[in-house]
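Here chain A shows up in two complexes: once beside chain B, once beside chain C.
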Partner chain A sequence: MLKVSVDKINDLFRAIAATQKLYLPVDTNAGAQYREWSEGVTMSQALNTNRSAKDFFFPQTENLAEFKMEGKKIEVKPQVNEYEDYVVFGVRACDAASFAILDRVFLSEPVDTFYAHRREHGTIITLACNRPAETCFCTTFGVDPAVPGGDVSAWQKGEELYLEAQTEKGEKLLQAVAGALSQAESEDIEPVKAAIRVMMEKLPLAKLSLKGIEDQKMLDLFYSDKWNALSESCLGCGTCTFVCPTCQCYDVRDFDTGNGIQRFRCWDSCMYSDFTKMAHGNIRNSQMERFRQRFMHKLVYFPENNEGIYSCVGCGRCLAKCPIHMNIVKVIKTMGGTENE
Partner chain B sequence: MSERIDPLIPMVGVVTDIRVDTPDVKTFRVEAPEGGKVFEHIPGQCAMLSVPGVGEGMFSITSSPTQKNYMEFSIKKCGCVTSWLHSMEVGQMITIRGPYGNGFPVDTDFKGKDMVFIAGGIGLAPLHSVINYARDKRDQYGTIDVVYGSRSMDDLVDFPEIQNVWCKEEGMNVHLTIDREQEGWDGHVGFVPNYVKELGFDASKTFIICGPPIMIKFTLAGLTEMGIAKNQVYTTMELKMKCGIGKCGRCNIGDKYVCKDGPVFRCDQIDEMTNEY
Partner chain C sequence: MQEAMIKRAKELLAEGTVNRVMGWQAGEFAYDITPTVFSSADELDKAFVYNDFCSANVSKYMIKESRKEGKILCFLKPCDSYSFNQLLAEHRIWRDNVYIIGIPSYGKVDVNKVRAKGVTGITGIHTDGPNVVVETIYGSETMVKMDVMEDRCLCCKSKKHMVYDELLGEEGEVLQSNRFEQVEALENMTPEERYEFWRSELSKCIRCNACRNVCPACTCENCVFDNPASGVANKAPSSDFEENMFHIIRAFHVAGRCTDCGECSRVCPQNIPLHLLNRKFIKDINELYGTYQAGEDKDARGPLTNFTVDDCEPSIVHHRRG
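Let's look at the complex of A and B:
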């Protein structure tokens, strides 16, 4: 265990930024967002960023290849990126847990190399949640905000920030910036952890459980008539999918640069009407069907294929951001999720 | 840094032959620029073809893997990408990646079986590969029946090959039908599902259906009436696809991804899936 005093935290940031890019949550007009740290940049005190940390590995748009077309000939030029090492500071436990879910998609064979490279080059420093929000329910998915994962975990206790490496990558980073840190005892942060756990238990969603959904059959849930009422007001805006740290659907598109064709991928949303539209029809014509797909995927299909792991980490973003106040918690409760005693 | 080529990056293929099959179906022969096949496949698998700037589309590989020198794709004109492909001339390059999907269980479940292929319209394309594969490995499979129907005589894909090769092959029975009477046609007239019932097949055979969803539905109902178990019936699914590798989420229905768990499904498996196809 190492520590740095909060008023000297810039020494730590400076030491990290001396060798690689450092990103951390910063307050902007559009809420807290990850930004590159430079001298004078201060960290946001917001509980979490507006957009999730998935952007670091799976950016909203990225180029895949360029095509040079000449007469009947085509030349393929795969996108070559210079990947540099970088550090993300201040990732919360929920977002850190989302990486393991994204890994299951992008790192399974055949590996998505763009994602893999970004993942390899990034070192994640997480930050335990001293002030969880009413919309938080990460514990429902087995996330412990008192031990937030990542390559290095950090805890704030009074005027001190404690850091502990969780992986080899984290170990290396802490060694490299050892000059900015001093030794500390692991026991020092036990009270912080205990306090977080007490706070979590008092949150309104603390007792949310998926037991009642787990016990139902996939097809029974799918054909449930409850989806109609749940999806009735959904605008199909896709906000919930874009802010979600575990949503990973994408589109592949071409763009004429005037100098060739650029193929890129960008986020897409199963909430959009053209997501499954083909020349001769659409398998999901109504918003109910699209809405059902999003939640069935997170709560039933994904766990079915991934040893019971849900594709939700309880970050609460969709609770805070949906314009009609629909969200996964309402879905869980309506579909049979229970409040544990 | 290790150089890994991403699965989304396509290779280049050259169109070396174009055959006009019907007023809206053409068959394209594709080879690698240096000759030979761009990659190997098993019957029923698909490839992502694209014309940069127009888009990518998933197509089943129509030729049999036993065809050593090239791949073929029978493609119906029905959208942007297919219209562009239809306007190509020989020598045009396209991009290609794959193979994708599970393909037919030619080395397991189909081994030694009597097989009945039932196709409607362009639905013959995915079956073409497995039919010719079984023909080329004749000793490994039982009898082959093909029931194939289209709107009209002119809409039968691969008609010359069917007439000149399949119809003459020993151990193979071809039953053609068209929806309505037509001058010059002395074969069967009527819809495929009814024709299958008229023909009547031994319930021990293996059935492989491919065609428009409505045709699949009625044919399957007919087969069930004939006492054929759903685990002896196979079909293929067609969904919108983008990645082909189970990541973009596009072709997800229930806990399956049609691009990697399909496109071939046994009909008893389909009953356990959400009805989004």
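Let's look at the complex of A and C:
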């Protein structure tokens, strides 16, 4: 266990940024967002960023290949990216847990090399949540915000920031910046962990449970008549999917450049009318079906295919951002048979 | 007001005037309210709410709901009634299938502004006269309502209902609003500053389409941006240019029909002040064609869909320098 005084935290940032790019949450007029650190940049005190940390590995849009046409000749240019090492500081436990879920999708065969390279080059420093919000329900999915994971975990205790490597990559990073850190005892942060767990117990969603859903058959859930009311006022926008740290669907599109094609991929949303549109048309024609797909995927299909792991980490972004405040918590409560209290 | 609304809704359900009620449903933390259709007195008792967090403009839902069997009761705030009336003007709502009760709005509270004050862990929140009282797991806080009110309510254009079958509470007046001041600030920028302003704002866009989908003026059955055959359909920007164009094209398309309800900016997850684009158009229309408020008169011809010999020439843009 190492530590640095919070008023000297820039020394740590400087030491990291001297060797590689450092990103951390910064307050902007679009809420807290990850930005590159440079002298004068201060870290946001917000609990979490507006957009999730998945952007680092899975950007909203990226080019895959280019096709150039000259007369009848077509030249194919594969996308060549230069990947450099980088550090993300201040990732919360929920977002850190989302990486393992994304890995299951992108790192299983066939491996998504774009994702794999970015994942490989990134070192994640997590930060424990001293002041969780009412929208937090990570504990429902087994995430412990007192033990935030990542390559290095960090805890703030008063005016001191404690850091502990969790992986080899994290170990390497801390060794490289050892000059900015001093030795500390692991026991020092036990009161912080205990305090976080006490706060988590007090949260309004602390008791949220998937039990009611686990006990039901997939088809019973699928054909439930409750989906109609739940999805009734859904606008069909993509806000929930785009701010979600675990939503990983994308579309591959061709952009006509005038003398060829730029093939790119972009985030897609199951809420959109053209999602998975095929030659014969669309398989989900109503918003109810699209809405149902999103929650069935996260709470039923994904765990069915992944040893019971849900593809939700309880970060609460969709709770805060949905224009009509319909969200996964209300779905769980309604489908699980518990009343809204 | 909430009790009076529930009482009246139950009466109308009981006497068979309506078979459904469009309103707002309570959520988990007192502020996360969902527009909902209620179909029984029980449902109303259980979850119907009306308070300073019922921000959502429910008029657009009436396009779909008015086509269903039977009449629906719809509660409209003054602001929403402009949108509803504009949709009537565009023949998008089947008026005979909607029973409208006009309800007052005292200015809605923006929970994001509450959060911006460092308040988190909200378990309860309510307005108490000029104050907002917030209960959190870390203690309770009282703040001045004006400080946490939605921006659009701070420059409210009208407390008067444009369409209704009956009213609950007292009818208000059309107000002298200072809503064009923000537009003037933009007009007073140099073109370079203004370009920079919009580039930086629009580049925040994540193309979630919430602004379009919530907009009561955006009612195309299939938006050009959702139509793969259009050649401009995109879920994400393939270039910055396209990204900026999405919002500008949308603003042009709703010009003359936008009532300035402000839903676009309310729902934007990236806090882009999208309403300023529309408000600029409204201001320009006022100056070029005479004062016009969309949604005020459902039988009036809109300035951009009407022709008179006195209409200004396109060269006015050059003379006015924008």
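Keep this in mind: the second predicted complex is superposed on the first by the 329 of 341 C-alpha atoms of A that agree within 3 Å, B and C clash if a C-alpha of one lies under 4 Å from a C-alpha of the other, contacts with A are read in each partner's own complex, and residues count from 1 in each chain.
Just so it is clear, a contact is a pair of C-beta atoms (placed from the backbone, for glycine too) under 8 Å apart; a residue touches a chain by one contact, two chains touch by 3 or more.
Since we're looking at a predicted model, the values are computed, not measured.
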Based on the shared chain A superposition, would you classify chain B and chain C as clashing or fitting together? fit
Contacts for A:134 in the overlay, against chain B (first) and chain C (second): which applies, first, second, both or neither? second
Counting only touches as set out at the top, which of chain B and chain C does A:50 meet: first, second, both, neither? second
Going by the contact rule set out at the top, does A:78 touch chain B (first), chain C (second), both, or neither? first
Touch test for A:261: chain B only (first), chain C only (second), both, or neither? first
Angle at chain A between chain B and chain C, C-alpha centres, nearest 10 degrees: 90
Thinking of the overlay built on chain A, is A:30 touched by chain B (first), by chain C (second), by both, or by neither? second
Tell me which partner A:308 touches in the superposition: chain B (first), chain C (second), both or neither. neither
Return first, second, both or neither, reflecting whether A:239 touches chain B, chain C, both chains, or no partner chain. second
Which partner chains sit in contact with A:324 here, chain B, chain C, both or neither? Use first/second/both/neither. second
In the superposed arrangement, which partner chain does A:111 touch: chain B (first), chain C (second), both, or neither? first
Nearest approach of chain B to chain C by C-alpha atoms in the superposition, in Å, rounded to an integer. 8
Can you give me the overlap between the chain B contact set and the chain C contact set on chain A? 251, 253, 256, 268, 277
Chain B - residues contacting chain A, complex: 1, 4-12, 52-56, 78-80, 82, 89, 91-95, 238-240, 242-243, 245-250, 252-255, 272, 274, 276-277
Spell out the residues on chain C that touch chain A in their complex, using ranges where they run on. 26-29, 32-37, 47, 56, 61, 118, 120-123, 136-138, 204, 206-210, 212-214, 222, 226-228, 231, 233-239, 266-267, 269-272
Using the touch rule from the top, collect the residues of chain A that touch chain B in their complex. 64-65, 67, 69, 72-76, 78, 83, 105-106, 108, 110-114, 116-117, 218-219, 222, 248-254, 256, 261, 263, 265, 268, 270, 275-280, 283-284, 289, 293, 296-297, 300-301, 304-305
Spell out the part of chain A that touches chain C in their complex, as residue ranges. 29-31, 45, 47, 50-51, 60-61, 131-135, 199, 202-205, 229, 232-233, 235-239, 241-243, 251, 253, 255-256, 262, 264, 266-269, 272-274, 277, 319, 321, 323-327, 329-330, 340
